[in-house]
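Note that the chains are named A, B, C, D and E in the order they appear, and that numbering of residues resets to 1 at the start of each chain.
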Amino acid sequence: MTTKHSAVPTTYSPSPTSRSKPSVSKDSIVDWVRPDGRGYRQCRPAFFRTGAVNAASGSAYAEFGNTKVIVSVFGPRESKKAMMYSDVGRLNCNVGFTTFATPIRGQGSDHKEFSSLLHKALEGAIILETFPKTTVDVFALVLESGGSDLPVIISCASVALADAGIMMYDLVAAVSMSCLGKNLVIDPITEEESYQDGSLMITCMPSRYEVTQLTVIGEWSTPEINEAMELCLDACSKLAEIMRSSLKEVVSGSQE
Amino acid sequence: MEEKLSVSPASLVDQLVVPGDVILDLSSMANQTIKLGGGLRQDGDVISVIKAGKLRFSKPNKYWVESSHKRYVPSVEDHVLGIVVDCKADNFLVDIKGPSLAFLPVLAFEGGTRRNIPKFQVGALLYVRVVKANPSMNPELSCTDASGKAAEFGLLKDGYMFESSTGLSRMLLSSPTCPVLEDLGKKLSFEIAVGLNGRVWVNADSPSSIVIVAKAIMNSEFLSAAQQRIMVKKLFDKIQSSTV
Amino acid sequence: MGEMVREDGRTANQLRPLNCSRNILNRAHGSARWRQGDTEVLAAVYGPKAGTKKNENPEKACIEVIWKPQSGQIGKLEKEYEMIMKKTLQSICILTVNPNTTTSIVVQVVHDDGALLPCAVNAACAALVDAGIPMKHLAVAICCCLAESGYLILDPTKLEEQNMKSLAYLVFPNSTTSVCTEEASLVDGEPMEHGIITSVTHGVMLVDNYLHCLERGRAASAKLSDFLRKSLKSQLQSDS
Amino acid sequence: MFCGKEDKLETMELPNDSGDLGSEMEVDAFRRLFPLRFYERHLAESIRPDARPLSRARDTTVALGAVASANGSALAKIGSTTMLAAIKMEVMTPSVELPDEGCIAIEFHMPPICSPLVRPGRPAEVAPVVSKQLSDTILSSGMINLKELSLVSGKAAWMAYLDIYCLDADGALFDAALLSAVAAFSHLQIPVVSLNDDGKIVMLSEEQDDGNLDKGAVNKEKRKIALSSIPFSLTCVLHKNYILADPTAEEESIMETVVTVVLDSSNQLVSLYKPGGPVLARTSVLQDCVALTRQRIKELQNILDEAISGMEVD
Amino acid sequence: MVGLSVGEKRFIQGGIAQDLRSDGRKRLTYRPIYVETGVIPQANGSARVKMGATDVIACVKAELGRPSPLQPDKGKVAIFVDCSPTAEPTFEGRGAEELSAELSVALQRCLLGGRSGAGAGIDLSSLVITEGKVCWDLYIDGLVVSSDGNLLDALGAAIMAALSNTGIPRVLVAASASPDEEPEVDISDEEYLQFDTSGVPVIVTLTKVGRHYIVDATSEEESQMSSAVSISINRQGHICGLTKRGGAGLDPSIIVDMISVAKHVSEQLMNKLDSEISAAEADEDEL
């Protein structure tokens, strides 16, 4: 009955027998076929729901295909003791992954930079002057990583902030795009991201038509960038509609 | 094992009691006033013990549990030895071995005014009186007696201070004078200040006298009266033989 | 149930020889060593010190338990023991006397030969007494082991623990001396010391088996309380 | 799948939203200032502030297959306490002493999203304790025969990594965690694998021809694991003579005596856990707790059965 | 952090609005750039770049390694930046951790391209010795010695200079008997291959102050920025990476405009760096 606590043996996850890697390069004429059958310009169906975590001041759950994220917002609450006085509020972001989020267990810890990227994307939208001396904590947990994780986290976080009643100039919607050979695909899934030649992510405040963050990786010509930005901005404003309606649903629901 | 004798309070006096023991049943007592000292608390209709030790009773109606500890729980009117750890504008912060530091207001001296605030170095040893001791507040000290006189309170210069237990301090302060002090006093002249918080300060003309007194007191903690006398005698015999 | 012969020749209900000494560490504000056969635990109490840790109620005294295993680092098992000890000791200490203070209890395992957690609880309780921490009552802890057949033994050795199907660690209040009449001190028809402070079980057993453990545990706890009181007395007398 | 419409309705019925703000504020202030008295007044009326009778557990739901990236997963909700459990199967070399047994590694996580008390980088104090309790309970209950996890004797066996994440902490964490863990095991599908030439276990994708199978397919088809004597639990809070089943976080913090009873399907006691607390539990109180647990496990078994049958219909 | 009075702030902002900055520069003029190569003899390549009071060192080390199984035909490059406490007293201890991480990530983005390796400024396939078996691992370390703004551009330039200063030893691979065996390699002590830097982009950071943007901002000017966009551009005029700093939002049309300005500036910067690097190399050869 006493459980034997031997050191945990090394394990591996069984890999598929065959790995057919599609070779896509700039010169290839073959078009990329999206594994989930979407069109290049088609986003996955997005779903948001606020109030996923009762213990938090505000929270939201987002599901884009297999990408599933929960964001909790705590505060505004007392800043850490070591912090100096500040006449504007502080924003503290943290992104975590469940051990089972990724196909291979425990790979989510590779994305350490997500916390600071989330912070950068949100800080421009929050009216920090409204909560001096205090801190708002935005904590995200990726339940399942299905591609375009960061944009989903950012969009979900802004819905959670709105749910917590934190003053913002506008919602922040985020969309990313992958460049596969000569094809541009929007809202890529994990498989597409692993083959991508370049990527572009825009986070923006759609009503104000302002970009809070823009990151580009890989080689792009100016027309390509312009096209990708246009597509992402367009998708952002559509996404913002869905985000807004998820918030409206709660408000109108409680008035009944 | 299981039987629970109904015992009278008198039979518990001077006996060992442990936390949880019930020493008085108020419901069976007719309107009597009692005074509770340390180690006891009222729990509904009964008085129960919260510290292990000997139950003491003094006439007419005072009960307390006597025990010895390394830490001190401040209690009003106790005379203690404190060490200054910090000097603030209004208070000295003084360590008296309690759960929290004690405040000694800078005006709590005989004739204290804003103009003649005493200066103490951090580390200075003071003989002080506890004037306030409430849970959830830092205790407050004073360097005057109840009438505002300096009496014997204040800075202890020179000499040697050592830490003991609260039990030893109580023994040293008991009357009649405990054998160890009595016998030492016959042979040597020395000054002694005993704090109820388990600190003892000794001063004499020669360092050797201080060492003898301090040593004798430290040795006496677990000895009976007769043993104490023998111990002091042996100590002096030894010194005599070595100096001759 | 046939009589089972235990390796060390004890009967099923027999405890191993007990030994308790207090005030053994010079620096600690209270300390105790508790031995049950070859299982030995050292407990040291520091405090009360000013201030409580974050997330603790400052209106009460905070109890902190630090478990030091015989060797190696602490893992989940030790964390669990720390939590059980903390909650157990919290419930016997009076936390309102010294609000906004922290009392630390360091539990050092010297040797583990079964019934480690109960031994640690007993040691910590004796150390708290030594430090003069205000307490509602004392606590005595006991381990009961159940064999496949439903046969029950008390205070198992490590080997016995490993070979048995299930076990229960139980903590009871000590039996107290009272001036009240026996009936008056009953709590809803049961003496106070029959109430369970802490119960932790491992392994599957029948509910009836568990109740049986409680009964035997209670009988043993009376013996333990007597021992505790005697050991406190003998040491107190040597004090003064 | 995380959106039960019904619990949204529940939050809407909170008294804060109702019209008479003045009197509501007073009640709220009283609740914050004198939490114990607030509760005692309710308890005297045999009711709890959330309108439950003392012995009633909160609404409980189980959803299987919440995470596609795991081999088995489940989401369990008891009131607003939410747990997501998922199992990932990996291959290991079994130990020399037990060549025919697999292994289960259980970890309970409290990420910062679940409670205002948890901050990143500083793990919750209770997480390792619940983790230990869960693995003790699941392994000692004998629910899973570890021999079933063997692949090739002495060479390869399954290591089941069960990770349970608390998504929302509102009391009775262990009950919800255990329920989600049990549900995840009942959803678990062991993948089809075979032994390749290098002595490594590889995954067989479904469309592959049967020719490969004779290379020593270890698992012929995806299979479920047999569960015997499933453990379920009920946590109760004791206060004076009251027993409150399935406490919320508020109830746990105000009335500190907690008793957790775990019984298996044949009503055997798997664990009776009472770590301290101001209330001394009498035997009769413990018997009452056990009786409440007996009722509760019937409910839980039904909820789980429904979730499983719902899954099979899909 | 730069603490400025209201007057100083307005002076800086006003100056930028009038196209005359406090040090006399125009909005799109760089401070004098000074390049020195081969500053660290132990490394395979190294360079020091000064832009005004900003002073950074980059150093390249090459080691033999194994390609990742996902990309057997490519070598690996790791970029790390460290901020020395000499640059700023607050960098002492863990003070610079966040800035170092931010700069490292930004450089990785700008120079290493997408996950498939396409669009990388550093040609990763040239680092492979035997496909799937042996490749060069490049460790690029940046060190900020003195900081007066525009760290990212300076580090980018220093890395470019360090790479053009890098010689990678020629490796002879013994033809192994079977494909499963580890190939035997022999690293030549004499023969070095010049690293090809034609694809390495330059980084241009445009800092937006008020309604205008400036290049090569000093710390004082950076303290007044609302946002900044760093764009890495290669010789073909293609964008290899882009990051934005600062929380304030930007209108997309401004970003498009910034990209075209950056492209224009990058050509001048590229030429300037090329001539500085070749001058520095010539200096080094003379010594």
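Here are some notes:
As a working rule, contacts are C-beta pairs under 8 Å (C-beta built on N, C-alpha and C of every residue); 3 or more make two chains touch, one makes a residue touch a chain.
Given the structure is predicted, the values throughout are model-derived calculations rather than measurements.
Contact with chain B and chain C alike is made by no chain in this entry. Contact with both chain A and chain E is made by no chain of the assembly. Ranked by how far their CA centres sit from the centre of chain E, the chains are topped by B. The chain with its CA mean position farthest from that of chain D is B.
Comparing each chain's Cα centroid with the centroid of every protein Cα atom identifies chain D as the most central.
Per-chain CA centroids place chain B at a distance of 72 Å from chain E. Averaged Cα coordinates give chain D a centre that lies 51 Å from the centre of chain E. Taking each chain's centre as the mean of its C-alpha atoms, chain C lies 64 Å from chain E. Under the contact definition stated at the top, the residues of chain A that touch 2 or more other chains are 1.
Listed for chain C are residues 77, 166, 173, 192, 202-203, each touching two or more other chains. Shared interface positions of chain B, defined as residues touching 2 or more other chains, are absent. Residues 70, 98, 101-102, 105, 109, 113-116, 118-120, 227, 229, 234, 237-252, 255-256, 259-260, 263 of chain E are the ones that touch chain A when the two sit in their complex.
Residue ranges of chain C in contact with chain D, taken from their complex: 55, 76-77, 79-80, 83-84, 86-91, 166, 168, 171, 173, 187-188, 190, 192, 194-207, 209-211, 214. Across the interface of their complex, chain E is touched by residues 24-26, 112-113, 116, 120, 122-125, 169, 179, 193-199, 204-205, 208-222, 225-226, 229, 233 of chain A. Across the interface of their complex, chain C is touched by residues 1-2, 4-9, 12, 16-25, 27-28, 39, 41, 43, 46, 48, 50-54, 67-71, 73, 99-101, 135-136, 167, 171, 221-222 of chain B.
Chain D contributes residues 1-3, 8, 11-12, 17, 66-70, 73, 80, 82, 84, 86-95, 103, 105, 107, 109, 111-116, 119-120, 135-136, 139-140, 159, 161, 163, 165, 167-170, 191, 193-194, 196, 200-205, 208, 212, 249 to its touches with chain A in the complex.
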